[in-house]
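Order of writing sets the labels: A, B, C and D. Residues in every chain begin at 1.
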Amino acid sequence: MNRIARALLGRLAGMLLVLAIVATVVFVIVRVTPGDPAAVMLGSDATPQDIADLRSRIGLDAPLIVQYGQFMLGLLRGDLGQSIFLGQSVGEALLARAEPTFFLTLFSILIACAIALPVGVFSAVRRGTLFDQVVVTLTMIASSVPSFWLGLILIQVFAVGLGLLPASGYGGPESGFLERIQHLVLPAIALGVVNSALITRFTRAAMLDVLGDDYVRTARAKGATETRVVLKHALRNALVPIITVIGLSVAMLVAGAVVTETVFGLPGVGNLVVSAVLRRDYPVIQGTLLVVAAIYVLINFITDMLYILVDPRVRL
Amino acid sequence: MTDTTNFLAAPRLLLRNRAALLGAVILAIVVLAALLAPLIAPYAPNKLSIVNKLQPPSASHLFGTDEFGRDILSRAIFAGRVSLLVSLGVVALSTVLGVILGVAAGYFRALDAPISRLLDAMMSFPDILLAIALVAALGPSVATVIIALGITYAPRLARIVRGSTLVLREMPYIEAAITLGLPTWRVLTRHLLLNLASPVLVQATFVFASAMLAEASLSFLGVGVSTDMPTWGTMLASGREYMNSAPWLMIFPGLAIVFSVLSLQLLGDGLRDLVDPRLTKER
Amino acid sequence: MSDPVLSVQNLTTAFRSREGWREVIRGINFEVKAGETVAIVGESGSGKSVTALSAMRLLPRDKTRSTGRILLEGRDLLTLPEAEMRKVRGGRIGMIFQEPMTSLNPVLTIGNQLAEALVLHRDMSWREAEAEALTLMERVRIPSAKSRLHEYPHKFSGGMRQRVMIAMALACRPRLLIADEPTTALDVTIQAEILSLISELQRESEMGVLFITHDMGVVAEVADRTVVMFRGDMVETGETSRLFAAPGQPYTRALLASIPRLGTMNGAAGPRRFPQVDPRTGTASEGREMPLPPAGTAPVVSVSNLSIRFDLPQGRVHAVEDVSFDLHPGETLALVGESGCGKSTTGRAIMRLTTPSAGEIRIDGRDIARARSSELRTMRRSAQMIFQDPFASLNPRISVGDAILEPILTHGLLPKAAARLRVAELLDQVGLSPEMAGRYPHEFSGGQRQRVSIARAMALEPKFIVADEAVSALDVSVKAQVSNLLMDLQASRGLAFLFISHDMSVVERISHRVAVMHFGEIVEIGPRAAIFGNAQHPYTRRLIAAVPVPDPALRGTRSAAPPQEPRSPLRPLDYVAPKRLYREVAPGHFVMAETSA
Amino acid sequence: MMKTRAYLTSCLAALAASTAIGSAHAAEGVLTVATIGEPPTLDAMQTPTDIVLTIDQHIFETLYTYDAQWKSVPLLASSAPEISADGLSWRIPLRQGVTFHDGSAFDSADVVASLERWMQVNSKGKQVAEIVESLAADGPDAVVFKLKSRYAPLLATLSQASIILPSEKIAEELTEFVGTGPYMLKERRPDQYTQLVRFDAYVSPEGEASNFAGKREAIAKEIRFVPVPDANTRVEGLISGQFDFADALPVSAYDRIAQSDAATPVIFENQGWPSMNMNMKEGLLTNKDLRQAVQLALNPTDMMLAAFSDQRFFSVDGAIFPEGFYWHSAAGVTRYGEGDPEGAAELLEKAGYDGTPLRILTSRQYEFHYKIGEVAKAYLEAAGFKVDMQVVDWATLTTRRADPAQWDIFITHSNFPGDPSTINTVTDSYPGWYVSDQKAQAVSVYLASTTDAEKLTAWEGLQGVIYDDAPLFKVGNFNGLSGLAKGVEGYVPTYWPHFWNVTPKE
């Protein structure tokens, strides 16, 4: 077993190294940012002296190296630091906003896969037919549409126009889980549609690639029906590239969420970063970028583990 | 090796692929419009005339006017310049970075692990978030947005280049070049890079498309490039306020983005069919 | 014999392309009776595979069209509805293919794929099918089948996978087996095992076999009747022994004449050129004998105690173990052996494409085994290499002229103008017209590209050339011409060749001395006549015996050796190879003393 | 401190532990208010921004507050201050029977403790601290200020941001927000909502309600301030019935709200005035002629029309305070009106303008700043100026503005303060660094005056000086647009929207 353990440790070390690089880069970026949280916090008619006092109180005037040391040590303890603006720890702020972003990403991926996998497979099997050409054209157009533009149109038509769904926000404190989810329908569609186009195209390409392989011809020579050939033999082999693209699009969804959350006024992680940058809330910017990077690294790890399940040739 | 090694025939094959042809035509229109903007734009992009603001599309103003009474068609044409400039800059930077890192990781076994970790780190920054942070850090200039997006897209190119290099490195004509005693830089440039051109070109078109979408999102969020020249994203941002009363402010810049990105996707797909599939896959 | 199992009548298949339908095979007629083996033979592009795929109706329905009749036990397969045709595939006709490495589904276990064939046709439950699958595996003599039922294909060697394919095809006792180049990708010893297995299974169930190949030796070995095809047409058909004895058509005659055969050296000391064949008349004049290398010269390259090992996560592979030999000017030393024996790795180490783990490689007197790449420049002038795949040996993006010009200019041998003249001269020497220099690789055939590679290798006027399977990928007729070119260049320019190949009949014609490699070690080395005439080491004898002889009269004279589980090259990290002793049986003819393997 | 080492996995597991607060709330009586953004803190002393003051005025109270004429009237104080003849001693009597939210009594000790913290932390408080000799309780129900010199704006400073907390809760960093106001803080979830509930034991001052003064009654059971930074989202939320009140809406949405059946538009006259403040410390505009050239070149009507799109939402008037305000006067107003490019060009000639670009700093976070900048650029260029328009986000603007080397003009806006001497450009250290002898002299005259009439003439003198020195260009007055859901009664628009005396819809 030690080979497996050693390999896992190696992966873990790799992941931590990546996060260390990300943390350092984020720390540098944020420190180079002009605009000073103290100035923003105190409002426009604060005197330079007031700003200097607040800076020292929050510890912003300590030498960079000290601040970096504190930041990295904090990370090891899992403490992402204290938000300047929100009066709570970055961890709590992120956790409070995790729900909308998590569900937005989850729904978008579910919508994307629900559409993309069957359509992608079917258009690959039915290559060259009218259905295939329609699918290719639609996915081409859908992946060219900016998700925020689609979002705005959805708001105009469904929320303001027909009043079917809430235009923005995420419900008040008393709104139950179901009512909050209602707020996620339109954003999920805006994000899901664009992403499903990408996944459909990848699924189709992966299936076409696999359908050309020799073992598919062997299966047909055995007298297997077309559906068994496609589902049992071809699809199993196309899963690896498909899993890769789904993993990639989950990461892209988190980025896409930034814009969509702003358009729909969802109090999610994306919205938090945009407001944190506008009010120069360093710890929150650092914490969020790091957590998003960590999620990306985690997704990568999960996809690698899935490879092992799907393809026996892949060893750890 | 499919007959795609016959790169002389590539242009003819490309044109026979109807989708790629359509993509090339639309892209040509967009690029020409941007280049010849001063000649073909009916009005100066920033010419104010408050009196006839928010006019619907009419003979004199094909796309109508915005909240300052400026002609939207002219602004859309000029906006094309910035969006194309930024996206081209991003493609150039990510291609250069991507090729250097990709070839280094693919050709020199010792560099593979460290570079791959670096690529993982660069890839783990969602493009919009890094761009926002960088734009806030270095100020909203064209260069900042190019750097921000260039860094986040470089890994996408680097991975394809690394995959292709791993395949090409085993090719006999590369090993022949080594046995002929050609210096390494010559082997890398004349033999390796020349054959990387097509897979890189394919991925570059898709990066171009993503860069345009990202640039539009950034300027929409108000953290994009800050030139007094309009971009499609800023036009959408200021048009949003009047979406109900003057929808044409939102429609035409949006369509401009969709068509430009669509043309690139079509072109990219057309090119991909010409390239040996083994070279366009990530390893 | 009863009425034929398969009767193909006036079969024509066309492919849909931009310019309308293009006929690929025209007017094909033949029959296969029960228990009979019919071979279809032809060079690449002759349409032999399309014939087989048309019979199984496996070609894409929207892009292909077949006319004529294909009667299986009286029923015309071309008009059969798809549902019925599915019952025929795998049920009445079994088919096996050329590439065993990719013909099995990598993500499904062997047992699952075998059982599937049974479940599809003999309405068994999965449990019963898996049990039956075990007996099938034992029937095709896969060692320790019981424990390997639930393993995945990537754990099996090429030969073992082909056996699984055969078991799958014959699972439902079909009346006809179609074998499309089943042994082309296999080593000659494993090929012999598979061929004897197929004939044994055929005898048991009296089934017809349609055998598709390009190798006349295999045809002579297995076929009762033979159909010769050329560019989609049937050139000639007939009883195999009659066809070999008195070929009717000039193409068949030319084909038979240009096949390298074992044992046709009749006493020549040096190498002998392949017969010149006149394609129109098919007449062939025996090739002349080539001179021996000048005696007493210092070796151009001498390899001593060369070892190359690769470390993998699972263990260490000893690819080359303690190999030593010399190569003298004007001499051709052949390195022969089956895939995985280390012959290519040795060649690549000499060219420093891989770095050896131990031992010395002296070129022009200097050991370059672990020299740094900067010091290798001078060595690169005296040693050059030719590769197997003609389509991948030339950079597609630059003209052939530039490809040859580049080394001359980078080494600064000649100024630009003189260099261009040199290129023209080189092209002429390899039998190509100089004004082809401006063209690009895709405009040349396989044979022509290999000639360009040879010209490129000679650009730096090397002392010796490593030819790694240089002619293996060429069609039979072209293979002979390129081999003759190499022999001519050796005679005219005193070049030495390290000729790496698994094709024993080509090695016999072209080499002065032969070294036989097995599992990284040289088991026997000596003059070509001694090795082929008086082989000492059991492995060498087995190797020569397994080569199919293109003469039906000699069929079945060999014993079908029991299939062995191929030894895994993996060793533990601390494995130390035993020191090998060599007996000198005759002057220059050494045999590894220990009689293992 | 939540143990966040397992943070990565718990972030994904947040699904299960979604913190839905299911507090049952009385069906009626909730007011949902969409604000422009999340207040950085509820400590109005430290961060006296509009958004903080809007929320805090419901929780805390000050000694005095502003009536309709923006004059200070008693709130926690029981009557106007008794000022000694020499104007150096101010005794402020306090109201009795007032209690804090936590039940503790309100007395002079709380006032002294609160005002001392105010004088350390608040920027206006620090200016007051310089002229205060001492502050002491005079019995439980009065406090006495001893001043070093007469200081007219003292009353005004005690009417804004100088909130009174229980002495026990006073700390460097406020953690518990307990006041005497009509509403108590129930819960604050940053970026989601700030929830206030009715303080039943509230004791209201007497008198008819006028602006912030007079009777205050907490009718709604709960007020919920929801930050919605994007203006368009506030509009759409209002129209789709999600909000009872939406603050600071883009004027272009007026017609849509008017036509909608869910809400009605509310205009707050003379909410504020945009200005182009000039850098007098370094760069081009240290030269007075150039500053005056800028004033001459600009056309306020077009700038305001571009920014507020409709006459109903702005007025063009050179006087710094608009009509209806006590301090309104046209004294000294010059170079304001139609925009005179030729006149400006002459001044440029006279000043020997060499074409170095005029750097204008603005931000799109206040869309009307950006629109004013666009039009100003056109007119300045028409007059011969080279203009480099720099559009940055607000945080970068406030930082660059602090460095005299980086800009020439920045665009901002402010309200019409109770006391004219608190206008930004009057304080020397305010970016633009307007320092001149005649200004200092006019300010001291104002500070020294005691009666209202004296203060008015002193202010007129100061306004004349301001126009002559030309430290800024006042563009005009704009009205604020907000939206009120139909069915909500009793809302009276004020500069900081307040929601006592307001009945929520059924």
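Keep in mind that, in the parts below, a contact is a pair of C-beta atoms (placed from the backbone, for glycine too) under 8 Å apart; a residue touches a chain by one contact, two chains touch by 3 or more.
Everything quoted here is computed from the prediction, not taken from an experiment.
Chains that touch both chain A and chain D: B.
Chain pairs B-D and A-B differ in how many C-beta pairs are in contact, and the one with more is A-B. Centroid distances built from C-alpha atoms place C farthest away from chain D. Centroid to centroid, with C-alpha atoms defining each point, chain B and chain D lie 45 Å apart.
With centres defined as mean CA coordinates, chain B is found 21 Å away from chain A. Put simply, the C-alpha centre of chain B and that of chain C have 47 angstrom between them. Each chain gets one centre point, the mean of its Cα atoms, and the points for chain A and chain C are 51 Å apart. Shared interface positions of chain B, i.e. residues touching 2 or more other chains, are given as 136, 139, 223, 240, 243-244. Annotation for chain A: residues 34-35, 160, 262, 277-278, 280 touch two or more other chains.
Looking at chain C, one finds that none of its residues touch two or more other chains. Chain pairs that touch one another, listed by label: A-B, A-C, A-D, B-C, B-D.
Chain B meets chain C in the complex at residues 1, 3, 5-9, 16, 171-173, 175-184, 186, 190-191, 194-195, 197. Residues of chain C touching chain A in their complex: 56, 58, 62, 86-91, 94-95, 97, 99, 102-108, 116-117, 120-121, 152, 154, 165, 168-169, 313. Of all the residues in chain D, the ones that touch chain B in their complex are 231-232, 250, 252-253, 255-256, 302, 305-306, 309, 364-365, 367, 371, 374-375, 377-378, 389-393, 395-396. Chain A makes touch with chain B in their complex at residues 14, 17-18, 21-22, 25-26, 29-30, 32-35, 136, 140-141, 143-149, 152, 156, 160, 209, 241, 244, 251-252, 254-256, 258-259, 262, 270, 273-274, 277-278, 280, 285, 288-289, 292-293, 296-297, 300.
Here chain A touches chain C in the complex through residues 3, 128, 213-215, 217-225, 232-233, 236-237, 310-313, 315, going by the rule given at the top.
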